[in-house]
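Think of it as A, B, C and D in the order they're written, each chain with its own count starting at 1.
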Amino acid sequence: MTTIKQEQIVTWLKTCAEVFAAQRDFLTDLDKEIGDADHGINMNRGFEKVAEKLPTFEDQNIEGVLKATGMALMSSIGGASGPLYGTFFIRASAAAKGKEELELADLVAVLDAAVAGVVARGKAEPGDKTMCDVWWPVLEAAKAADTLEAALPAMVTAAEAGVQSTVDMQARKGRASYLGERSIGHQDAGATSSMLMVKTLKETVLGA
Amino acid sequence: MKKLINRVEDVVAEQLEGLALAHPELKFCEEPRYVYREVCGDKVALISGGGSGHEPMHAGFIGEGMLTAACPGQVFTSPTPDQMYECGKAVNTGKGVLLLIKNYTGDVLNFESAVELLHFDDIPVASVTIDDDVAVKDSLYTAGRRGVGATVLIEKLVGAAIEAGADLDEATDLARSLNNRSRSFGVALGACTVPAAGKPSFTLADNEIEFGVGIHGEPGIERREYTDCDTLVAQMVDELLDNTPYTRVVRTWNREMGMYDEETVAIDEFNAGDEFIVMVNGLGGTPESELYGAYRKLHKCLEDKGFKIARNLIGNYCTALDMEGFSITLVKADAKTLELWDAPVKAPSLRWGR
Amino acid sequence: MKKLINRVEDVVAEQLEGLALAHPELKFCEEPRYVYREVCGDKVALISGGGSGHEPMHAGFIGEGMLTAACPGQVFTSPTPDQMYECGKAVNTGKGVLLLIKNYTGDVLNFESAVELLHFDDIPVASVTIDDDVAVKDSLYTAGRRGVGATVLIEKLVGAAIEAGADLDEATDLARSLNNRSRSFGVALGACTVPAAGKPSFTLADNEIEFGVGIHGEPGIERREYTDCDTLVAQMVDELLDNTPYTRVVRTWNREMGMYDEETVAIDEFNAGDEFIVMVNGLGGTPESELYGAYRKLHKCLEDKGFKIARNLIGNYCTALDMEGFSITLVKADAKTLELWDAPVKAPSLRWGR
Amino acid sequence: MTTIKQEQIVTWLKTCAEVFAAQRDFLTDLDKEIGDADHGINMNRGFEKVAEKLPTFEDQNIEGVLKATGMALMSSIGGASGPLYGTFFIRASAAAKGKEELELADLVAVLDAAVAGVVARGKAEPGDKTMCDVWWPVLEAAKAADTLEAALPAMVTAAEAGVQSTVDMQARKGRASYLGERSIGHQDAGATSSMLMVKTLKETVLGA
């Protein structure tokens, strides 16, 4: 394996829909601690919509699939995570222009654009206790790897460490920021959903 | 959890359907979801919106002298950009569209996307982000003060100005100036239950409250001991009257350039002698009688400190589902503001003079 | 128990004080306790009253086009005769006093004592006992149908007639005829907590409701399984439309003789084609949004059966403290009734046209 | 002892105030089962008012004391029990015209008038599960006795049996009537407060 195939991207999205259905209550509970108890519901609704619409765009190239995914998320999630994940996929799509498969360098470029989009929208900084605290280390891990086979597990490890790192942070962006110091000690919901997406990608491409 | 609902997935749609059946002057678009009225005459369209669960805000405030339309999201989840975009296109009479946004990350991100979409469709568009919740102390280490109860009063006042002929820039300036003169503070005596979550968002002992809550069932800035109504109201008044400077970056959509201008703006001071429009707002699970008990103390506190209550509004206007608790909103009012306040309004949940 | 109150003993007085501070057009007499407005012109005085805890009923309905005065008892306890007596003396303009009584043993006994006291002071006095709660099936083995939600609508309609010049007999006849055309049915999803008692009056499992409750936190006529809103509303509609004859002894104060005439009177039938004024009324702890969800189903049920909803009122009007639940009231309306309904009203909790 | 003295009536009323303060929650709990959870609060409020006003009328004869008590109860209890107990004392007062002390025959006459007043107002019939189901047997017991010393304990026994008898009754008057058969199995609150007044009278006059 030296590339991620279009079909794998489609499978990844379908599997994400299953993962977010299964993790709905878990993510919502995380959001209950320091948010408004809806992140799991939001992600589940968003990816249900993606799965529902997939048949209408699953034949397109990776650019098209990612773009349609972004639009579906943008118009179904709502909340803070909706425009952020929507932007993530729409920017990723632009960086995947014309692609039918992704080499490691493509993956890095796609991720780079996607994460930059999220940061441009949400203006998060490192340590703000957001999904970006997962995406930055994930991007670094991808950049540091030599092969896709090495990159994907390293990205998962980075994502899991990123999620863990949010526990001790004080939130400075989003709803949790209103809790001030009381936000410390809780795992960020959006970081967790991001990690699940990374993990699902790795499992889709390399197996569990 | 036991609620007066059917399937959790249908809650918002069914409740809006009920609203439109009860008030046939409101039209209801299901996909994407928004509620609107036919605008009589060539007026600016005033659109608000946000997560559901704050009823009667916002759809209950659509009507002559108040909102043109509202875009309801899922419960406690901001609407998506396509809702405001399609809604704005539908209600624009050519005089443009003013979007009122409550300052929550989700609302701001989704509404600002809609602003861009409308702009690229050549619709004159402006937005004002309301951030009245003084429970939030700083804008640097948080997402900034939340938009809460003042939204209701600003919707009424700007709606009246538009009814009286204000154009898009005048309406925008008014909304922004009102926002800088508005402060709110909320407390919860008990949590609410989001239907989809099925359980209360937190639990409080009999002598505890959440002090400084928003309107999404989230915990407040602090868990405090609760003794009685008067003590609590006095604590809230202290927070509301505190003049510690608060500044934040205010974003104004530049219709020439197609981008946001950013400017650091401070809120207004409150000083003895000021007149207020005051709202004592129930969060959904507190009986109106108790709100009047709270108003009694509020009235006395403000008068003792040399402020004047020119108008008051007491009831459930900006709620958090069935949360037990309430908020107080103060808007500094001059003669012009009071004139706008007294102007007729005819919305399902706010009505006088018509 | 945690409530937005100070000392339990002061709850009613402090809340009324708050009401009077917020609405200075209402005057508040502390001993004996009643709230009133100056009557403009030579009109019949319309007085209602009952236990507190049903806010905004009654004091929130004092105003032009509705009540002249209200006599609030302790929480869920009818007022005492001296309250209605002193109040009646204070607001009588010479045109007489009409007392609206909700049919609960305590209310009837205390109000009827006041009727006698006013009569012996040569004040023209009449009373109408409202008994709209169709949850109560018979009048022989019970204290008769309770007076509940219809009270709000009858206060509005009779107030409008008085504003338009109705004399004491006309107002009395109207109230009685409206009462015979009014039916209500209430359900509780959760109990309320009387401040002085400090604990909920009953507990319900997650799939249980009390079916056929009054407005005093008492259990209903039956504990039922709860599935969802639509099923429940359909069950309530069946109860409301049931035309099983109901008769009871109606007492009319004979001003010549100084005693009550008694007559057995039946309520009116409801038949397809009838037009209704409909109220969906929250009992205090149910969010307005959920009431709109219930209204949706009610609207469909009634239309399916060939009835017409001419007007509707949705919100918290006749509550039972913080009880979770709601009631539906139907008043059969003709053109004259709708004209009275549409007439201006300006009370703290019901306002239009002024 | 062959009479109940004016001072004993005054002491009885004061003691009733203490009894209803002590039994407040008990009576309220009884009323919670099949009523609206306020009977103890009501009785406590009413007799607190009587105790507060007593200094202004405790020098009057029994007629005056009973009348003032009735007026105080009437204007402070509210609810169903207010006018009923108010009427009870006002009618009792009329039957005690001019009295400074009560012989057994006076007591019977006073009770007879008082109970008749309650029935005229509330229109209760035997077995309706009301306070009358205590007052009727109490009156019978008084009528059947030969001396006051015998009458008072017999009245207490009758009152206690009367209270017990309400348990199995289905309410047909007052708020509890709305419960239909569900009212069976619960002791009536008003019957209980009436029994407490009888018991307190006996203890005041004869000792505990």
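As a convention for this text, contacts are C-beta pairs under 8 Å (C-beta built on N, C-alpha and C of every residue); 3 or more make two chains touch, one makes a residue touch a chain.
All figures in this text were calculated on a predicted structure; none of them were measured in a lab.
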Fill in: Contacts common to chain A and chain C (chain labels)
B
Discussion item. Please tell me the distance, in whole Å, between the geometric centres of chain B and chain C computed from their C-alpha atoms.
Written reply: 32
Practice prompt. Give, as an integer number of Å, the spacing between the C-alpha centres of chain D and chain A.
Written response: 75
Item to complete: Indicate the whole-number Å distance between the mean C-alpha point of chain B and the mean C-alpha point of chain D.
Response: 56
Worksheet item: Which positions in chain D touch two or more other chains at once?
Response: none
Worksheet item: So that we know how the chains sit together, what is the shape of their touch graph: line, ring, star, complete or other?
Response: line
Item to complete: Go ahead and list every pair of chains that touch.
Response: A-B, B-C, C-D
Worksheet entry | Residue numbers on chain B that touch chain C, as the complex places them | 1-7, 11, 14-19, 21-22, 52-53, 55-56, 60, 189-190, 204, 206-207, 209, 226, 228-230, 232, 284-296, 299, 312, 314-316, 319, 321-322, 324, 326, 346, 348-349, 351-354
Fill in: Sites on chain B touched by chain A in the complex
32, 51, 73-82, 104-106, 109-110, 113, 135-136, 141-143, 146, 194, 196-197, 201-202, 214, 216-219, 221
Response to the item:
chain A contacts chain B in the complex at 28, 32, 34-38, 41-42, 45, 74-84, 121-122, 170, 172-175, 177-180, 182
